[in-house]
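Below: the structure, in structure tokens.
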Amino acid sequence: MIQSGYPVVFGSRSTQTSSLIPKDTEVLSHAEAAQKATIIIIAIQREHYNFLTSLAEILHGKVLVDISNNLKLNQYPESNAEYLAQLVPGAKVVKAFNTVSAWALQSGTLDASRQVFVCGDDMEAKQMVMDIVRAVGLTPLDQGSLLAAQEIENYPLQLFPMWKFPILLSLGLVAFFFFYCLIRDIIYPYVYENKDFSFFIAISIPNRICPILALILLALVYLPGVLAAIIQLYRGTKYRRFPDWLDKWMLCRKQLGLVALAFASLHVLFTLVIPIRSFVRWRISSQIVSQVLNNKTEPLNNTNAWLSDSYLALGILGFFLFVLLGITSLPSVSNNVNWREFRFVQSKLGYLTLILCTAHTMVYGGKWFLSPSSYRWYLPSAYMLSLIVPCAVLVVKFVLIFPCLDKPLTRIRQGWERNPQHSEQSNYIINKSAV
Amino acid sequence: MIQSGYPVVFGSRSTQTSSLIPKDTEVLSHAEAAQKATIIIIAIQREHYNFLTSLAEILHGKVLVDISNNLKLNQYPESNAEYLAQLVPGAKVVKAFNTVSAWALQSGTLDASRQVFVCGDDMEAKQMVMDIVRAVGLTPLDQGSLLAAQEIENYPLQLFPMWKFPILLSLGLVAFFFFYCLIRDIIYPYVYENKDFSFFIAISIPNRICPILALILLALVYLPGVLAAIIQLYRGTKYRRFPDWLDKWMLCRKQLGLVALAFASLHVLFTLVIPIRSFVRWRISSQIVSQVLNNKTEPLNNTNAWLSDSYLALGILGFFLFVLLGITSLPSVSNNVNWREFRFVQSKLGYLTLILCTAHTMVYGGKWFLSPSSYRWYLPSAYMLSLIVPCAVLVVKFVLIFPCLDKPLTRIRQGWERNPQHSEQSNYIINKSAV
Amino acid sequence: MIQSGYPVVFGSRSTQTSSLIPKDTEVLSHAEAAQKATIIIIAIQREHYNFLTSLAEILHGKVLVDISNNLKLNQYPESNAEYLAQLVPGAKVVKAFNTVSAWALQSGTLDASRQVFVCGDDMEAKQMVMDIVRAVGLTPLDQGSLLAAQEIENYPLQLFPMWKFPILLSLGLVAFFFFYCLIRDIIYPYVYENKDFSFFIAISIPNRICPILALILLALVYLPGVLAAIIQLYRGTKYRRFPDWLDKWMLCRKQLGLVALAFASLHVLFTLVIPIRSFVRWRISSQIVSQVLNNKTEPLNNTNAWLSDSYLALGILGFFLFVLLGITSLPSVSNNVNWREFRFVQSKLGYLTLILCTAHTMVYGGKWFLSPSSYRWYLPSAYMLSLIVPCAVLVVKFVLIFPCLDKPLTRIRQGWERNPQHSEQSNYIINKSAV
């Protein structure tokens, strides 16, 4: 702030100068400093706030900037800033700066968000603090009245709260499918054919797991919507809350979809390096050598060419749409898109992606799909398991499209109720007496 | 709102309680409710607004929140909010909430934009409504005075208006080139060599169409700029409007470019899976087998190696720059870039991309480029057709760079006119009497 | 503006009508125009501002919009807008519109940022100008008081100031490694084996340079952090500024990382096209042919399969995390992420990426790693050189994690000092007397 040209004074218990404090600033006692300053930045912890009550008179009319943070989410019933406002009723409390890292401010290496959330009840005080924020080179974001302080104080304590469930779920599924593939693809041939395919762990097995997870997680994005529709149809009304687990599931659909996209991208990379793999080159060359030694030339198998090409084409189109969905979920893109466009992309394109990816997996199975010869130790291929959820979602969704179900559902979503217990409500005013 | 701690009353024609309405709220008659409330959310349709005139006195000084939407763009001469302000002159009308989906609000599953556009003439009323928006967990965006209501009401009705032309154009081109390639690559060999290459439909033909469309659409992004320069040179002034079609074309250049990028990405994916295709593996192995059986080893063809490698390298660099252009057009990136930087990227890097991609296509042709043997039924290869537009754009642009044309163009763009009909205008003030 | 329904008058030295000026507007003398208007847009250069002093009385209370730009960064001690405010003290000066391209406004082709930075001391005047901005179809961004004018005037003059160093550095490294590889891979075989591998310039050598640069630049992103830690440990305090070069280095880490990501992406593309290259196809087929002619079949080399697969898998995972880091650095994503999350991603995931990429390069060397036979003209393989910086960073970082160093470092970063020269400072108030 001194660099930005603001005169600064420090208030301290002891007025001795310290090497910590820049030379151009005065160090005064608390009361003197408070008297002299117009804007006071409170750099103490909430527990020590009550000592400010003794300064209440001096602080009257001053702008108090609360920059405190707590150690836990919702640690106190009210936010620190609101608590401060209660203690010093005459002062204009503004919450700011708590979301910026002190270390980053000091070293001047602010690669992260330059946004400073500011809130406060007094417009002028807020404006002054926002000007300081701008002067320091940051971007103030007006979050409204002091009511927003609670949220602003919780903000820096979060660590990807919405991502916890999708990531844990996918880790569990990865572990399951890893051991499943380990048994089928490495242990089985080792036991029966005495072949050492342990190097499959590096690429072949990840390239099994990734598409399976991508498909299952993508289906799990659309499953809650289908379940919600069934519940609404069954209840005959939309005016009852969904079960809690369904609400939570619906709230993390975006994260589920992005984790699915991550797995799909890995699958693409793992697939594209196939021809560079030493093992694959060896297998192809040994096939050709054996062909030559047996002196026979294979004709082009048209069915195989069709299956291989259409399987790849479906995968490419599915992945392409999936990436499109991912781009639309970028905050800056989704903010530029209205609700109708967003629903079009996420619902129509989303289902198209799911259909393409499911078809991709089915054609991959090709002639061996559901054939008993592909079972090993009674275990079907892993990709077969991955088809269960998406097929279920697609079948139910297909059924829900039929007019006999779609019409009542649309009416329910527009407010119609099967068992209306109340009088006609066509036009009403919602009034609100302000606080 | 009740969850956020606001006291809420409902105004209704009938004051019977309904199951629809939460228990903690009062249901009153319209007049009583209006009397009691400070902020009144008008949840009725525009057609019924005139009944509010009877309440005009009670509504005096109250904040009326207009949340209505229309069914068509620009359905009425003035916006609903302005109409409401006319009907109840004493009230402070604020437009808000109309861009948020009711269904999304209800189910609490707001993945899409959390932005709520708010506009209104009264600053304080607007501030109160913005505080409610924040309390409900959404982000208010101040759009200024009530003049903005028209735009806010049109917003939720749009479905990618800027994308219509680029998508229709590319669909048309896709259809044309699909049949063109079908004839050359599938029907021709079927007729003359009786070979069934129908599986080319899955990958080979899409991989012809995608690069062609990417190149043509990319050239179409730069064509209007070149045309505009020619028109300005011909007219000798910049102070006359371009023809309407050119203006519209210029406005959808970004969308054209992004569609071109989509096709380029598909082309990359289709190209990278080539070595995994069953048909390609068969062709390579049968080539090797026939080589062995004929007992001859081919030496390395250095020209071929050069052509193949430089063709790939040009394509990679072109695609890389293309993706860079795409990233710069993301709203959050382009907002962080000033006009000079944006022009540098979109103009300099854009032309470099066009040059690289055109060169990539030319080198792809290689030795067979323009050779008569590549004609089938007098039809040249499809990629030859794709070169027409980009080459034209590059040639004209190259001509325009010559000083004899560039100098007058720069002067015209700085305001110089070949036939000036007016007196010297070096310094003037533009004044504006506010409304 | 006329299109948006504002009445506009022009003030000019000569009151003759001109073809430049739309028909619906009046042209008046400066004084008359200023008298009539409420908002006055000053479209003259700073040098001519002093003529406005003669109109000072008429301009009293009017809103003056300063839209001027300078030719150089910080050309004058104070911003043009502040200079104007000094000249005409009674007027309400608002800075706006200078960041928007006149050409873009005219041709209506605004693909770039639609943001208009607005600043001014008078809230109401600012509000009026922001309403005009919105009416013209642009987005006003309130940048605070007139203090911000300097920055707003500098803004349109910048051309990627933060990117200069990373791009120059990488160009230098590209040149060095290009000649290094040229000598080892093209000149050496030409001299000793008389083989012409000149076509390596197109793909093979770029595919050497790209991963090397990606790895070195990625390591250079993390090197300053490690150096800063060493300096802090050595000094025993965090309350002294780092040397200037280190500060600057730290500020362009994001750009360094993004350039590294660009090289990594190119490396991925160059690698994935390997099997399509004509040279590679020829090499593989000639290997198979020679195998057949010598009538021997090679068994699967398990070590090779392991090395090749794990090298590819490490590269894929490294690149995947690298892309994640890149996505998190998009402004719209990093703005939605709090400081704790940002540090987690950039520090934890960043180091994981560095470890994976370094391991990828080491396994690539495989059996030949550090083997003397790979030296040509005493020059080691280029990838060996690229390992120096990342290995150094990782080793030092690993040492810094040991508790005997980590504990004092953490304490230093929390404010502890080895040689404290000042009294206890546990709780103090920073006060600030507003300007």
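Per-chain residue numbering starts at 1, and chain names A, B and C are given in the order in which the chains are listed.
Here is the rule we use: contacts are C-beta pairs under 8 Å (C-beta built on N, C-alpha and C of every residue); 3 or more make two chains touch, one makes a residue touch a chain.
Chain-to-protein mapping (UniProt): A, B, C = Metalloreductase STEAP4.
Remember, it's a predicted structure, so these values are computed and weren't measured experimentally.
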Checklist entry - Between copies chain A (Metalloreductase STEAP4) and chain C (Metalloreductase STEAP4), what's the superposition rotation on C-alpha atoms, in steps of 5 degrees? => result 120
Item to check | Interface composition of copies chain B (Metalloreductase STEAP4) and chain C (Metalloreductase STEAP4): same or different, split at half | outcome: different
Checklist outcome for this item: Distance in whole angstrom between the CA centres of chain B (Metalloreductase STEAP4) and chain C (Metalloreductase STEAP4) is 25
Next on the checklist: Give the residues of chain C (Metalloreductase STEAP4) touching no fewer than two other chains, as numbers and ranges.
Outcome noted: 272, 275, 288, 292, 330-333, 335
Checklist entry - Can you list the residues on chain A (Metalloreductase STEAP4) that touch chain C (Metalloreductase STEAP4) in the complex? => result 1, 5-14, 16-20, 28, 30, 33-34, 36-45, 48, 63, 99-101, 103-104, 106-109, 111-113, 115, 127-128, 130-132, 134-135, 140, 155-160, 196, 198-200, 202-204, 206, 262, 265-266, 269-270, 272-273, 275-279, 281-283, 285-286, 288-290, 292-293, 330-333, 335
Checklist outcome for this item: So, in the complex, the side of chain A (Metalloreductase STEAP4) touching chain B (Metalloreductase STEAP4) is made of residues 123, 143-145, 147-148, 228, 238-239, 242, 247, 250-251, 253-254, 268, 271-272, 274-275, 284, 287-288, 291-292, 295, 297-298, 300-302, 304-310, 312-313, 316-317, 319-320, 323-324, 329-344, 346, 413, 421-425, 427-435
